[in-house]
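The same chain A turns up in both complexes below, where it pairs with chain B and then with chain C.
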Partner chain A sequence: MMRHTNVARLAALSLLCLAMLLPARAFAFVKGVETFDLANGMQVVVIPDHRAPVVTHMVWYRVGAADEPTGQAGIAHFLEHLMFKGTRANPNGTFSKYVASVGGEENAFTSSDYTAYYQRVAKEHLADMMRLEADRMENLVLTREVVDPERDVIIEERKSRIDNSPDAQMSEALSAVLWFEHPYGRPVIGWLNEMEQLTLEDAISYYDRYYTPNNAILIVAGDVTTDEVRTLAEQTYGKLARRAEPPARVRPEEPVHRTARMVRLASPLVTQASLVRSYVVPSYTTARKRGVGSDSAALDLFAELAFGGSTSALYQKLVVDEKIAVSLGGYYRGTALDDGEMMIYATPAPGVSLETLEATIDRELAAFLDADIDAATLERVKRSVLASAIYAQDSQQRLARVFGSTLTTGGTVEDVQAWPDHIRAVTAEEVLRAGRKYLDTNRSATGYLVPQAQAPRS
Partner chain B sequence: MSLRAVRVGFLVAAVFALVSLAHPRSAAAVEIQRFTTSAGINVWLVEEATVPLITLNFAWHGGAAQDAPGKAGTARFLTYMMDEGAGDMNAKAYQERMEALAMRMSFNAGRDAFYGELRTLVETRDDAFEMLRLAINETRFDADAFARMRDQILTGLRDEENDPDTILARTWSEAVFANHPYGRPVEGTIDSVSAIAADDLRDYKDRTFARENLVIGVVGAIGRETLEPLIDKVFGGLPLEPELARIPDAIIPDASFLRLAELDVPQTVIQFARPGLLRDDPDFIPAYVLNHILGGGSFSSRLYDEVREKRGLAYSVYSYLYPLDHAGLFVGGLATRAERAQEAVDIVRTEIARMADDGVTEEELASAKAFLKGSYALRFDTGDKIAGQLVQIQLEDLGADYIDKRNAMIEAVTMGDLKRAARRLLGDGKVFVVAVGRPTLKTGG
Partner chain C sequence: MMRHTNVARLAALSLLCLAMLLPARAFAFVKGVETFDLANGMQVVVIPDHRAPVVTHMVWYRVGAADEPTGQAGIAHFLEHLMFKGTRANPNGTFSKYVASVGGEENAFTSSDYTAYYQRVAKEHLADMMRLEADRMENLVLTREVVDPERDVIIEERKSRIDNSPDAQMSEALSAVLWFEHPYGRPVIGWLNEMEQLTLEDAISYYDRYYTPNNAILIVAGDVTTDEVRTLAEQTYGKLARRAEPPARVRPEEPVHRTARMVRLASPLVTQASLVRSYVVPSYTTARKRGVGSDSAALDLFAELAFGGSTSALYQKLVVDEKIAVSLGGYYRGTALDDGEMMIYATPAPGVSLETLEATIDRELAAFLDADIDAATLERVKRSVLASAIYAQDSQQRLARVFGSTLTTGGTVEDVQAWPDHIRAVTAEEVLRAGRKYLDTNRSATGYLVPQAQAPRS
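And now, the complex of A and B:
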């Protein structure tokens, strides 16, 4: 994949495995994380990693596709592409050329809740990255000559990611019916008809409203100290004026859901039937807001125990024992500013209908929620989930993403650091209670992807 | 949404396989200890104790090219069976034990090598290595696990039958490799996988899992004294020599032609190729630099500028060198709307011919060198990546000092070298093109 990856909301799923735990010394990196604010309101997070003389420099904006004006689906992601076009002082891709000239790696990504830009370079180039990134936070220059072909590029990107892929079309349709009112129902990349109408003015107005230091978070991970970062940040980002006061991120609340929804996509491109189901459940942030913060850790473990991998209850029952399904999995997407999702997917065994598969999943979910979870199983799964936190420490880039996605979705540095304790504290009863409370099919949408009898190839 | 079983392949970004490295400082940071165990196994180790983890990467020369005729997909099938039961543990017991140990283990089949990776916390190190020993030496191939994995593979193959990228890869392989073993899909076909029995997996394993064709790279909180007996415990019981089938050199077509697979999708996906260079070719590094300028740079390459930046024809356009053990290739690709596919292909052909005829500018060479030298350090910033590099350098037989020499090799490339490399890599600019979709394309030309 080339530049400008549209990470989409799914990507945040990596967070599940990411906060931290186990023996104290394992948390050296995460313990060393420091945060402070610049005078203009920009938050700074420093994640030390002195193993190699490189740094990951990221700027995260607290704005994403769910903050777009109605009718402009895709503008967040379009602007992300246009941010590479240049400024008065650094026109025509000067920034990218500079990154290339020092052998750096750069990219950007957009989700429903955040937009982020990053470079990975040898540490001596950090100051220049900060200077150039600060420059494009307030001085972006756009012309029709660069905007028009770039609109074609995002349309091609949509075709690559969605229009050529029935799986992705199903995902898109499922979100659209899962959310009645909340903009999480809109695809991050946008709807084609709206993308075609996006203008230079739309992009600039979005930029002027949201791209300001008081709406941004700087994350530097790598071979640096907090003092070094503070000095450089004050010389660069610290000089920026507050360009705007972005509105509070209040998105429409979901009304009461009373219906299990169903989406069916039949396409000649589909050659193997499959099923996917998504439930609206609390995210880490909304659980905390509602005073049920421990529910999210319980949902993390519920997902692992019920359908997270090949040792999970549903995999063992449907794939190994009954052979109703050929494969099955699922996960909890808890990193979101508003509610999260619980996702299950499965492929039926030959001769098994999707209806039978779905009924069996429902039966076994109910059975799982009715039975006890034995202590050894819970400990085993906790151990594996918690170890992800240690494995994550091998990658400064991954850690930077964990902090960035948490901080732009209503969480704090302390929340990341406390995650392991929350996981440890969850009891079997809490796992089951959370499952019973939130896995309500009336708050879900189910998708059937089915072959359409018709030869597409001539 | 992945409908396949969760089985993470790793590495393999090494398709273009050029091992990079080289800021003087980071080269110093990667201090490799090389030793041979008492069982005669060569090990490369980088000690790094900051994080209490150990990453063991290993690979056997062989890969999917060693799949028996008619049984394409054997090596990959075997990767699915490696954690489906070993020793006295069935699949469930084995996987629960892996979970309890919080270890991570994965396997992956490439065209020329069979890769494995073990990651473990220091505190469960010995138990994790024992699990790996069982997987490699006492794989069970229980009938129910075998059937379950076969069904997952077949379902995956069925799922991809009308996937444009899969059809592109298949059509491309057939066009490029014809009847050579490389032309068989690594993942196999529905027919070939259906024909594979557990004995075929055992046979593949017995022929290819040996000591002489094994390379190992370890990174993490472990010293040689502790590591050496663990390596011998895991791999020491394997036969010394593998029984590999001889793979002939492949002849890559040097011609302009077009192969089109029609599929009703809104976007046409395109891959092009022509003969390239083998990894041990003295002109490989100059060719690598040349390709970086043409289509290797993730942005700022000539193809990126002409196809994406100026005209908005594609989201992604690229080219790379693909050196296999028995074939060298130059490969590229893009995806674009049907009605402009011809225009995009014409630009690619024009740019290849222009570089073949006129070469590159001094400035392009200078910035390519700056990028390639500067980016070395980024390939060594996690234990995972370093272990992968240690394995790849050994598979490609680049030598223990490659990491130290590599940037000097890039720096030494001259305009004359590029001219020669352009002649050898791009020839008279002929490329053959494979497309999937509903475009209007001229054949040939």
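And now, the complex of A and C:
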């Protein structure tokens, strides 16, 4: 199928990371972003972009893998697959064939916090996209004939994406030990043993509970006006009934973490040892809830300054000066309904052990947090972060994703628009304070991925 | 209070471990064990022991911390506390005062799989124990006045038992990374943040769902006959209504583990570094369900042969010969409704790092599994395991616990009675095969407890 599904956790993380780097306020057309609700509770966001006669049409559901019932890991992503199976009016493949026939592209993706569907088409096809997407929000046909073979498809997908990939296995295990109680510790694609048990009834129950207009957000970016979108939305989505009142998104909270955790994975598929470290840190949403909203913008800049690129402090020290690592990077995953993560990854130079690499990273992180950040460096990094956000706006789809991921994780259109100002306002002292506050190894998990030959702990 | 509550996970494990070493069949009085059900579904087990005119009276509920609703970690143990708060007929403290006034002792304990209450009294008080225990099974008074202050008590208990104890914190973190999905990864006492949220309504709902005679087992050991117990039970417990049908005890299953996990805890309270390793292995119950029932008896003997005492292979090598460790031990926790654990713990000799100790343990475990077990050694260990079980029978309470823990974790009276025969039947080849099959570091988590001074990973 032409459809690609981003379910691997790392893929989702990268995407979220990109998303965070996309502000909105800097551009004329982003200034025109408007949002309103339909009578049935569906939120609509319109992002005008008149550079070309195309539109990006997205529907986001406020539900993801972290909302799954216990024991049904994978149902969110399973339903994403099933949404392509057709309705009575538009049976198997009609929607996708239509998109292809007009030269459009489509995709869908599931993360821990949301599930989304989109098409990019010439503007004259927008009405049809809305009609077809609204149809499958209410009329999806779920039968054993549809569900049973698709279960095999997601199981096969898991086998090829995770079970044959040491990187993906490491990512999965790292999340599992990083989060003790929160479902962010579960892989978005699901655990194999639970995927095998997913039933038709599970799928129907999940669809009926979450795929209702009052749990959805329509985002249209492109060559349209708010009035055009409003009219079309009322004719399509506006006709759908509220099928359910989705429950409050209250997930188990993490207990206080007091231990540094570690995962070691040895595999013959690994040719180059590598290290990854993840810390639980506040997301944009949880920082705001706890009254420390500025910590998240500070963490954005901390990540950039410490290990975000080739000019970052740790890259300069470990890769350029000491040549202990051949690569090193990291980022802040701040777009999440619950807490976020700070990730660091590195590959040692030949002859350097992961233990030495890890100790050096810890030493240099401590040194970074003990030193000052000079004003010129901070300004350069702020400009760089804002500039990459500006360049990224060139993609209609990415911009739409910024709004979708923010709105499904507790943020607002205004939050997206205010992000550049928050970045500009951060002081060097705030960056260091946030780093010292959250980059405690007792809040972290570290993964060692090693070739099988050097694997045994004995 | 005179009541002691065994909630710390390690304590529960030791207890379970002891329980496993107690067979029943070897003793005259154990031959007379009888079991029957009351009309309301309550199971009764009578263990005659006429050495002295005393009885041990226990009620076991088939519910424990692993049955708790998500987000309510600690409710099982909280309810154990609340059960001492009194009923309308026997308000605050009446039951405990009565036990004390007749020179008896009482206790209660919560584990992942069960919750139990017991009293040991002179036989003439048995009828009153049954009357009072039956009363609180149905008539417990749960009000805000009772629940709110007791929540503070369990929170204080957690603080003193776990939060001030690096050993307990390590045990907690080790379980959390060993089990990805299964609630055995949660501490029996609960996570502080969830304990703080437990409400009166949670307690009532839990009590009404699980504290019903059809979910309970009465065990009476002592100077009684089955007929006496039957008559008294029908007059007390037999009058209770089934208040609920407890749900099937289906917990999330573990995904396949592919990574060796590790936890490091540094604390100024630690004066001596130590190491603990735990593997997920089948329990008696899951081995039987999977058609590999003999694996569990083999694991019992494996634990004894490899690291169970001062004559074990690893103790001889690491403590006696190489003097790398000053202590070393381990055991098999086989009594569990879901999978069990194989535990190893060791303390390094001065100047030996935990890394060296761990590598040596792995090397010697591999050597043990590669070598043969000579027939004389196997016979000696079998005799020793059976003998300690025989000695342990001297305690009426321990014997009653063997039956209670077995019956609440999927076993039967016959399983207890057949255990010595299963031990006798195990071959050397079966011991080694079980060890090779299950002692894979990818199924394990290892904990390093280190003094703060040598703690930082940098």
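Throughout what follows, the second predicted complex is superposed on the first by the 430 of 458 C-alpha atoms of A that agree within 3 Å, B and C clash if a C-alpha of one lies under 4 Å from a C-alpha of the other, contacts with A are read in each partner's own complex, and residues count from 1 in each chain.
Here, a contact is a pair of C-beta atoms (placed from the backbone, for glycine too) under 8 Å apart; a residue touches a chain by one contact, two chains touch by 3 or more.
Keep in mind that what you see is a predicted model, and the values were worked out from it rather than measured.
A.B. asks: Name the contact category of A:Pro91: first (chain B only), second (chain C only), both, or neither.
C.D. replies: neither
A.B. asks: Decide which partner touches more residues of chain A, taking chain B and chain C as the two options.
C.D. replies: Of the two chains, more chain A residues are contacted by B.
A.B. asks: In the overlaid three-chain picture, which partner chain does A:Leu269 touch, first (chain B) or second (chain C), both, or neither?
C.D. replies: A:Leu269 contacts chain B only, not chain C.
A.B. asks: A:Met170 contacts which: chain B (first), chain C (second), both, neither?
C.D. replies: both
A.B. asks: Contacts for A:Val153 in the overlay, against chain B (first) and chain C (second): which applies, first, second, both or neither?
C.D. replies: It touches chain B, and chain C stays clear.
A.B. asks: Considering only touches as defined above, state whether A:Thr441 meets chain B (first), chain C (second), both or neither.
C.D. replies: In the superposition, A:Thr441 contacts chain C only.
A.B. asks: After lining up the shared chain so the two structures overlap, which partner does A:Arg186 touch, if you call chain B first and chain C second: first, second, both or neither?
C.D. replies: The answer is second: A:Arg186 touches chain C but not chain B.
A.B. asks: Overlap the chain B and chain C contact sets on chain A and report the shared residues.
C.D. replies: In the superposed arrangement, which is not itself an observed complex, chain A uses residues 170, 456-458 for both chain B and chain C.
A.B. asks: For a test of understanding, state which residues of chain A touch chain B in their complex under the given definition.
C.D. replies: It comes out as residues 1-3, 10, 22-23, 25-26, 28-29, 50-54, 84, 93, 96-97, 100-105, 120-122, 148-154, 156-157, 159-160, 163-165, 167-168, 170-171, 268-272, 274, 276, 309-311, 316, 319-320, 323, 326-327, 329, 345, 347, 349-350, 380-381, 383-384, 386-387, 390-391, 393-396, 456-458.
A.B. asks: Considering only the defined contacts, which chain C positions touch chain A in the complex?
C.D. replies: For chain C paired with chain A, touching residues are 70-71, 73, 169-170, 173, 176-177, 180-181, 185-186, 191-194, 250, 252-256, 258-265, 358-359, 362-363, 365-366, 441, 456-458.
A.B. asks: Quick check on the complex: what are the chain B residues that touch chain A?
C.D. replies: 1-6, 23, 25-26, 29, 48, 50-53, 55, 91-92, 95-96, 99-100, 102, 104, 119, 121, 123, 144, 148, 151-152, 155, 158-164, 261-267, 269, 297-300, 304, 308-318, 335-337, 367, 370-378, 380-384
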